[in-house]
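In order of appearance the chains are A, B and C, and numbering begins at 1 in each one.
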Amino acid sequence: MLRSQRRDPNRLLPAQSGARDIARALYERVATRPIISPHGHVPAQLLAANSSFGNPAKLFVTDDHYITRILHSAGVPLEVLGVGTSAEADPRTVWQELARHWYRFAGTASGYWLEEALDTVFGIQDELTVETADDIYDTLVEHLAHPDNRPLTLLDRFGIEFLATTDDPLDDLSHHRHLAKTHPSTRVAPTFRPDRYLNSTLTTFAVDVHRLLAATGQPATFAGYLHALQERREYFVAHGAVSTDHGVEEPYTVDLDAAEAEHIFASLLRGTSTDAQRRAFSGHMLLQMARMSVDDGLVMTIHAGVLRNHNTATTKRFGPDTGHDIPVPTTFTRGLRPLLERYGLEPGLHVVLFAVDETTYSRELAPLAGFYPSVYVGAPWWFLDAPDAIARFRSAVTETAGFYRTSGFIDDTRAFLSIPARHDTARRADAGFLARLVTEGRITLAAAERIADDLVSTIPKEVFKL
Amino acid sequence: MLRSQRRDPNRLLPAQSGARDIARALYERVATRPIISPHGHVPAQLLAANSSFGNPAKLFVTDDHYITRILHSAGVPLEVLGVGTSAEADPRTVWQELARHWYRFAGTASGYWLEEALDTVFGIQDELTVETADDIYDTLVEHLAHPDNRPLTLLDRFGIEFLATTDDPLDDLSHHRHLAKTHPSTRVAPTFRPDRYLNSTLTTFAVDVHRLLAATGQPATFAGYLHALQERREYFVAHGAVSTDHGVEEPYTVDLDAAEAEHIFASLLRGTSTDAQRRAFSGHMLLQMARMSVDDGLVMTIHAGVLRNHNTATTKRFGPDTGHDIPVPTTFTRGLRPLLERYGLEPGLHVVLFAVDETTYSRELAPLAGFYPSVYVGAPWWFLDAPDAIARFRSAVTETAGFYRTSGFIDDTRAFLSIPARHDTARRADAGFLARLVTEGRITLAAAERIADDLVSTIPKEVFKL
Amino acid sequence: MLRSQRRDPNRLLPAQSGARDIARALYERVATRPIISPHGHVPAQLLAANSSFGNPAKLFVTDDHYITRILHSAGVPLEVLGVGTSAEADPRTVWQELARHWYRFAGTASGYWLEEALDTVFGIQDELTVETADDIYDTLVEHLAHPDNRPLTLLDRFGIEFLATTDDPLDDLSHHRHLAKTHPSTRVAPTFRPDRYLNSTLTTFAVDVHRLLAATGQPATFAGYLHALQERREYFVAHGAVSTDHGVEEPYTVDLDAAEAEHIFASLLRGTSTDAQRRAFSGHMLLQMARMSVDDGLVMTIHAGVLRNHNTATTKRFGPDTGHDIPVPTTFTRGLRPLLERYGLEPGLHVVLFAVDETTYSRELAPLAGFYPSVYVGAPWWFLDAPDAIARFRSAVTETAGFYRTSGFIDDTRAFLSIPARHDTARRADAGFLARLVTEGRITLAAAERIADDLVSTIPKEVFKL
């Protein structure tokens, strides 16, 4: 993994000297270990094409909704930032907007990652201000044009050993095939993300299901639909997939009998379903995914508790993923019970639960993962994969479930250049937490060393069956 | 702002020396800066009258329900403390009760503020015990009688530049007019608090609405009612108001069409409304308030999630605000969506969201304020404006939304003499948080200095349009 | 209380030297003070029989569902651990399983307690590994066979002054009578735990109620049922009970009139009740328990918010208390209101509220206990009685309610040998919290000393009326 030669080498570590020295030593053990990224959103196409990245504004601002949302909250219209428009915004203007509002990012994870990326990838350490913006922009243009900074070269420089993408079940995965042949040093694995074919509350559901059935030559019956999903899962497995991914507003499951499921399925396709039926069907399909995972071995990851596209006007004009997906109160204990009653003790099943509602950490996720061999507590995700939030996560989870029932870090990002920064943040935060346990006499230094090592290799490899 | 010469100058700052030195320097920058108090409950009448404060027992105990609730929980009947009774309790007895139970306040915010007030305002540093109580009481009586300790003199000594009161929409605001003329060094602004005229679940609703309509000469129609509210808002704006304040048990909004609103309004006045109608009407009026704020520019503050008057017998006997308003689980994401769908992107709208359910900080408030330019995360409020709670707030909010989407501190207090102590607490807590970010290499010292400054001036001025 | 001569004497205390020294001094004041254990699950029979403990595997693994659940989550079948089977598992195999997975307990409370118990009770400090497991096992066998390590001798060595058990209302309490005569140095008090006779959602409810009525000779009417409960409470009081204990999934209460209660009671016995009736009845009986507590003085403890027996298959095969009781979101404010409206101001009533949903600490429990003289905030419980969780608890509760509205530590354990370790953990954690308040200038050292003392004696004695 890349390292800055100039930034504070103790950044993110505990300030107190005893803990800091231990944390530093633990961090040093793992700082340059290969990156395992078992869940993220880098497009396989970006890697397969291996073109130069676009201009810095598009790369670091327009395409990163972590950044654009804060600029938007500061009053900068999304169109000025080039979001979701066919006409490209003037990149220097976009970059200047970022510079003008850069002080607002102080203390944010997004701000920290961007500084880290500029520094560790391109050696840029000047503070971004209205005055320095143009020079930094020019330097970045130069770097980005250089062949050394194309995606595949960076993949190696970043030391990324495994990278999961997130893909539509009907994707032909040709980019993954291409990468497997041309760039064997990194395993780039697809992830089966069937939300649009399972979530019957979406208005597009019937159309998407028909497309799925047509592509797989299955009849428009519930059995045909299940076969279609199964077939596409097999296709993904054959292309190296290790997991499925499920983004749900509510982690709700229900075990319907076949006749009931068939009946609702027909209503859905006819457009005569009720709210209750749609909720039940989506909940039942999450349970069906667990059943299929028992069969085909794919790890099931559930990302729960986010209301997508909070502002309709913005969605209509700029599309999804434009910064207004907002978490809601989340609970797993009752909602996942039908799934866990049915499959929770199945050998080999792995279900990784990710939450954006921190209250679930100590209340539900640690207790569930501390009993069910199939359940793992997903690492802090989305708004929570930041230093303080990681510390709160470890504090909330460890006393009940230890370290070995957690998933290892996932970066969950589209922002390829921020991957090393995000993993480095997690490694530092975990080193700091472990160091505190050592200084408080709760674990030995030897145990801390083993855990630090395992968190970046053994644990994610076990959880994601690598 | 007042400063103690004798108390530990590093109080509330981090204990670890590196962080403490930075925190101390950050705190010193802002320690004596003017106080901006954009939300509180000091009566304008108290300032306009500018009489001596009453006896110490009434001032520090009877009238402060933060104090009386803890004494009550210790078994002291409220009548012994003189709460809500026409017959005044013996002040020395009240003061002795406080002294007898003073050890129970150790570690509480209320206890800390009272010690701070006695020290910084009156130089009293003796510990309050049954033995010292009488002497302290006598000293206080002497101080309070002195002209230097009248409200307006203290207003200047406290360095209060801006003070918002909270007022009934039908208040004639004569005290504010008087203060504007006679005490121009502090801007004392009214705040439009229309709860009783909007919350149709209150049994007094119809009576209050009729009073509002009569006062404004409007007909008993929904349109007349809206005009009445609008007219009173204009009156407040003309008297220097900058914000409206809304205390709601549930932050729920709904966008009714005009006919439906008119229909429910009629039912409400006839007394034939249903529970569902009352909930819808109150939710719709919150949305109407946002519409009016778009027009007249008043900042909208929403204080959500408290069940008022938990104990009916106590309310009947002693009145409201007697210490048993208890928070409930709160969520904003879905409930505020109709309001934000309709007005959330309107230029100039400011909606400040205050919560007593901490779970909303990282889950909802920071994500909402990190997208909507109209939404600000309200500072820790009520039970949460204390050192540890402020640290948790900053930790929960900053990584997602930074500092510039938060409101700046509000003291929210009736206890005039505690205002400097409360702001000082926030300044120390924020300095400590910033110092930690500096020692952890997450922000530069220069950034921390700018933020420390902005938190006490630029930010509240921007949020509250001062 | 027992103390290790070899483990880090500063374990669990703050690492920062200033705070650590103060914490150490505070801890030293109370380290060897007698243990008051006002709520736990050690069987009176175990003490009365005073036999040698069984083999180490049964004692430390099979019988401790804190330990077996983590082994189960690691893939070890419960039958291999001897859980819930008549056929005993091979103890050496069980012990080896523990050793093989011991690294997974790093950072957990269970792991910490087990190490503490092995060390402080038996002087065993070797790390548990596959290699050392047999030797440690042999050493333990030897120790456990020694008369000095029988339950009653340990009760004295542990310095347990008061120990509450948890008992069925129909228990004849003969073991308690026996212990009162034969072992007067410890007061072993029964606790009245009537869940099965109150919770009408249980399928066994009618059968259990008939058993209760038969045992007390009461008629099958609601009045008879109330008399039966009252009579058994009196029996418990006569045998030294100080409290009742109520484990509820939802802290819900409702004040039914007598006719309605009688009507539902009849439906329940006839088996014709509805879901709504069962919920109402259970809620009403919690309120009735408060009424009886006003009369007979028993402290009422409510342990709320756990869904028991999450996995039905495991329950059927291995019984309850096998590691899959999982918390759910909990709220007290509205649910307890009917009880507190009716009895919350009654002199002498003590209601101690325990939660596993940490969000209730600052949001509800501290505000409730900061007003109602009858309400105490229960100490961190179940998954939360661990160092970090205790620190979060104190941070969340203290600023609103101080220390004197909390219950003092309860160990809530079946694992007799872990009692000193658990109390020691709480004493260290509280000392650390107090030390932080001192170093931050928030309380004086003298106040911290008084509080440290009171937390282990005055406070639990007051709350539990000892």
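One rule holds in what follows: a contact is a pair of C-beta atoms (placed from the backbone, for glycine too) under 8 Å apart; a residue touches a chain by one contact, two chains touch by 3 or more.
Computed from a prediction, not measured in an experiment: that's the story for all the values here.
Visitor: Given which chains touch which, is the overall layout a line, a ring, a star, complete, or other?
Guide: The chain contacts form a complete graph, every chain touching every other.
Visitor: Quick one: compare the interface residues of subunit A with those of subunit B and tell me same or different, with half as the dividing line.
Guide: Shared-number fraction below one half, so different.
Visitor: Quick one: superpose subunit A on subunit C by CA and send over the rotation angle as a multiple of 5°.
Guide: Rotation angle between the two copies comes out at 120 degrees.
Visitor: For subunit A and subunit B, what's the span in angstrom between their mean Cα positions?
Guide: Between these chains, centre-to-centre, one finds 39 Å.
Visitor: Please list all residues of subunit C that touch 2 or more other chains.
Guide: 16, 329, 359
Visitor: Can you list the subunit B residues touching subunit C in their complex?
Guide: Of all residues in subunit B, those touching subunit C are 7-8, 10-16, 69-70, 72-75, 103-109, 111-112, 127, 307, 310-314, 323-329, 356-359, 383-384, 386-389, 392.
Visitor: Which positions of subunit B touch subunit A when the two form their complex?
Guide: 16, 18-19, 329, 331, 333-334, 337, 340-341, 344-345, 347, 359, 362-364, 366-373, 375, 395-396, 398-405, 436-437, 439-444, 447, 450-451
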